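There are two complexes below, and they share chain A, which is joined by chain B in the first and by chain C in the second.
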Partner chain A sequence: MSEKLVTITVDGRKISAPAGSRLLKVCLENDIYIPNLCYLEGMSDPPASCRLCLVEIEGEPGMVASCRCEIRDGMVVTSNSDDILKMRQVAFRLLVSTNDGHCNTCIANKHCELQQIAKFLRQPLRTKRLRHIDRDYPEIIDDHPVLMYEPKKCVLCGRCVYVCNQIPKGYKLDFARRGINTIISFYGSDLDPSSRDCEGCLACTEVCPVGALSSKKKWSRFIAEVKLKQEQKAARQSSD
Partner chain B sequence: MKQPTASPVERLAVRSEAAVARVRKLRESPIPVIEVGAATCGRAAGALETITGFEQALADNGVEAEIRRVGCLGHCYAEPLVTIRYPGFPPLLYQKIGAGEAGILVRSFLKDGSDPCYEYLIGALEPDENFPTLMDYPRYLFEKRVVMEHCGLIDPEDIDHYLAVGGYRALAAGLEKSGEWVLEEVKAANLRGRGGAGFPAGRKWEIARAVDRNPKLVICNGDEGDPGAYMDRTLLESNPHQVLEGLALAALAVGAPSALLYIRAEYPLAVEIMEHAIAAAERENLLGDDIMGSGVSLEVSVFKGSGAFVCGEETALIQSLEGRRGMPQPRPPYPAVAGLNDLPTVINNVKTLSTVPSIIRNGHQWFTGIGTEHSPGTAIFSVVGEVEYPGLVEVPMGATLEHLVFDVCGGIKDGKALKAVQIGGPSGGCLPASLLETEIDFDSLKKVGAMMGSGGLVVMNEDTCMVEVARYFTDFTQGESCGKCTYCRIGTHHLREILQSITVGEGRLEELDDLEEISRAVIRGSLCSLGKTAPNPVLTTLRFFKDEYLAHLEEKRCPARMCRSLIAYYIDLEACARGCDACVACCPTEAIFTTSNRKKAIDQEKCVKCGECVYACPPEYDAVRRVSPPGLIPDQGIEPLPADDKDEA
Partner chain C sequence: MLEQLLAGLEPSERAAIDDEELQILKDVEAEMPVFAAERSQLLPILQHIQGRHGYLPKLALQMVADYLGVTIGKVYGIATFYNQFKFNPPGRNPIKVCLGTACHVKGGEIILENFERRLEITEGQTSPDREYSLERVACIGCCALAPAVVVGDKVEAYVTPSKVEGIITEIEVRKAMAAREQERNEAANG
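Right after this comes the complex of A and B.
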């Protein structure tokens, strides 16, 4: 298939890519990292909800979500202006202000996308600038036979809702509640025997950028390991 | 046999003539007609009891009269409103008619026409020698009623009333000419969307018309959700056929075979009246198949929205129509290109559509002659708060806020001073008295940090704390945030938390910068207009009332003496009357005790600062004082009355 190539400029660098590709994808493929949480490769309709991938495009007012933006020939993009860095920092601070920050005991530790973004933006994972928000959630929601949900870790990116939506059998995940207490919910489908089929899919746990959604099996193994390590540490300390 | 070649205009002319004759006959009937304003607002004020009162009194006195329900005139301060058409008198409008007053009107006036009860009268609807007419009042004089012209004067459930005042003539003309013609007229009139954003309706229609995917759809957005705003509800309930005619014209211009009314389920009366109106219009072949023999068909239905504020946003509205959670979607694509089920969908506000028939009837030159160059036409506001005459008002665009508040709505209640107006709903801005010269139109309001919004206007007097106002509105928008995007979901929460702590005296000065920074980020970064405008109350109060923020933060003082944590009540012993105990009984926490000189004092430990004692204290003493900060309570050397004296006291 012959695709028409167009040339765009990102932060002064010229890049050629097929016309109509999404800007974020093109940047990521060309080693220009733009932070993102809600985007997934191959999404037909990115939700543009995390607002981390905002960039400036010459001739367009305001900031544009690069995950949805289709490239045009001659487009001039800025992804690293002071203005953009500041906006990203604010967005990131907002995100981590709702986070418990217990990375050591988190199943996603070391492969968490929030950690990667923190490193990139040189921002701490526990913000001192803003108050910490304790969202009105339980620590864990374990009603689902297969899935374990830790809402306090959730960044509400919606990837899990998106992939679950793609499954023809009818989806089980969606958002619930409003405002700061928005949460991912199974809407009772966790009580339906068919939700055992989730064992064979687990797509939602694979796309979760943080450690909010995981398979129960994996989660129990991980928690057992954490406990073991803690016990060993305690034993070492008492023997010293 | 009917003429097979009659055009829509000719057909309608015949029908209208019959309607005019019937309505005239009703109006000139020898039996008096009582018209009661029974829209939702009237009912809340007791209009249904008024109707029962009339029925009872008519039966008791053996008087014959016809009772009709009409819509709302927009004069909230005077509800329930009643118009009486008595042979030999001009139609007379009465205010605040409860069941008791209904009885008096029947006995004094309707029985024999002897006493038209001047004490309840507002005025005559038509010029008359013996009665003041409504045009003598500033409210009527300054208003320019285009959209609300017939509201409260016609029976919304009788299609003849609308036909008799020229209803559906615009539709007939549009059908006779063409959809393009309607589109060009509305474009030339530069009718801007009355839902808040002010996007030209004609352009929206043009975009949808140009898309070659079918079938297209037109939606009337009646998901009015601003606290204190009720313009759309009133239009739906008081003149439903005007909305339908506008909707039909929009569908004609766009080339849509079907249209939908999205009305929130909390408006049951509006839903009922609209459904009734659709059925009536279909019976008269003004909607439905082959309208008036033109070959054009339009199917209209009602959808009840489940009441999320954000569903007023058009992409969220579409999501909810598709059976999903109402969450806004990024644009483009715009709904006019790919909306409901990915088909071109035009969404217009109730007020926008209600304006269309008058444009088509009178021509675009007439419309551009009203209002300002870039915002032609009229603006409808629901004015609430501390004004003398709250209610729905329609003024030409370009009128100043001062004119609206002081001339049209009678100024501030109880001789107090105006402090601010909050314009544009929960995400509008708070403008100080110094900006009252601002003209009301889409661009001028935006310039000063407010917005037209859908037409909510809250007037606040000197007793209102602007920090608390900002907190109140931020609390509303955070609670209604769909939770999708980071800035709105978490940003507005931080704003609310900071404002909350300022109002209780626990704010930190450096958080003022956070307020500003987060507000600007939420505006720039949010996905939909709910988020993009949510910080407006914060930013405008910070800009115009920074001294109040500083007083809260630095002195722990609430200048308006409104924030409970920062005020205290005490009783001025000089003013307090010996032996009076009016305040004692009203206190919910028994904080008021008798002093050694048998006056009253407040135990600050027990006081919850409800302020009940202020109202209980007889006006001739007026002894309860409110201070901020609480440290300002003077030392009056109060000692409680010794226990053994109490029996005598």
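Right after this comes the complex of A and C.
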């Protein structure tokens, strides 16, 4: 089956791709980086909740989320104007204003998508321009036989919920609560024997863009390493 | 439905279910067919359970999930969206601390914290002996009495940390008196 190709222009560059592809995907595949957190390839109905992937399209008012936008022939897209940068920065600041990760001791340090986006948008991970809101969350939620979750690092992108629900069988994690208190929950995983099979899946931990969701095994290994390094450092300092 | 569910539990989990909860679960199972097994019935079912039993036990949520063919995570996610649903059994002395605007301004948070410390539970929880449960509520219409607390169905006005102590002591004293009364009756009858 041959797909109809259309041509669009992004930042002055002509790109051909199958009609109806998501603009975000097309850009990423052509090395035009657009920050994104909540999109995953294959989503039929992207939630478009992070608002980091905003672009401008000629003839359309305002900015649009490129993850939801399907390309049309002749579309003219701007992804790198100052206005876009500013809007993305606002979205980013809102996102981190409730975030409380400690990168130094985080399992995702140096391969975290939030860190990469911060760099790209030239924004600190702790913004001073918005009041920081401490959400009343525990540091760790681990009432799942295999998984553990650090709510203060979670950006609520929903990727984990999406992939988990693509898997026909097995335990299903989901959102709970609402508004600023929204959280990912393992509720009921103790009742559901299939949650023990998560060890062989771990799909949700792989799509998590930050270090909020990990397998318990991997996490405890990582923490042991961190502790060891800290001890070694302390020992070195005291011997100096 | 219930039997299967219970059979699937670890022995320690099975042991954690007391008679009171088991009764509730049986009732939930018996009442379920009143509702059509359609997703649109989720909230009515949850409201029904909440109304009859004062909270939604985890196993009841699992039964609802199985009945409607959705995951328990989904049921919990939807239930936690609304304030009306509780996930812990109500205490014999439910304490509701008002955190509406007026009470908030008058230090309702501090009162809540005092109760939390005194009862060693956090907001939304019930003490292990089910004597007390603690929750926060929005304006109860007594703003002139702020900060206000409802204990059982009695409104306590101008609550201060020392009054928190007094409220609990009063309940404890009443409890002790009732226990002594009962002992005396038993002795008289036996």
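Everything below uses one rule, namely that the second predicted complex is superposed on the first by the 235 of 240 C-alpha atoms of A that agree within 3 Å, B and C clash if a C-alpha of one lies under 4 Å from a C-alpha of the other, contacts with A are read in each partner's own complex, and residues count from 1 in each chain.
Just so it is clear, a contact is a pair of C-beta atoms (placed from the backbone, for glycine too) under 8 Å apart; a residue touches a chain by one contact, two chains touch by 3 or more.
Keep in mind that this is a model prediction, so the values were computed, not measured.
With the two structures aligned on chain A, chain B fits next to chain C without clashing. In the overlay built on the shared chain, the residue A:193 is in contact with chain C alone; chain B does not reach it. When the shared chain is aligned, chain B and chain C each come close enough to touch A:175.
In the superposed pair of complexes, A:53 makes contact with neither chain B nor chain C.
Once chain A of one complex is fitted onto chain A of the other, the partner contacts of A:208 are absent, as it touches neither chain B nor chain C. Here the apex is the CA centre of chain A, and the angle it makes with the centres of chain B and chain C after alignment on chain A is 50°, in steps of 10. Touch criterion not met for A:77: it reaches neither chain B nor chain C.
When chain A is checked against chain B and against chain C, the one touching more of its residues turns out to be B.
Once the two complexes are laid over each other on the shared chain, residue contacts for A:154 go to neither chain B nor chain C. Once the two complexes are overlaid on the shared chain, A:185 sits against chain C while remaining clear of chain B.
Superposition on chain A places chain B within reach of chain C only down to 5 Å, the least C-alpha distance between them. Residue overlap on chain A between its contacts with chain B in one complex and with chain C in the other: 174-175, 177-178. Put simply, chain B touches chain A in their complex at residues 308, 325, 327, 329-330, 478-487, 489-494, 497-498, 514, 517-518, 521, 524-527. Residues of chain C that touch chain A in their complex: 5, 8-9, 13, 58-59, 61-62, 65, 71-74, 76-77, 80-81. Touching chain C in their complex are the following residues of chain A: 171-178, 185-188, 190-193. Those residues of chain A that touch chain B in the complex are listed here as 45-52, 54, 62-63, 65, 68, 87, 90-91, 94-95, 97-98, 129-131, 133, 155-156, 158, 174-175, 177-182.
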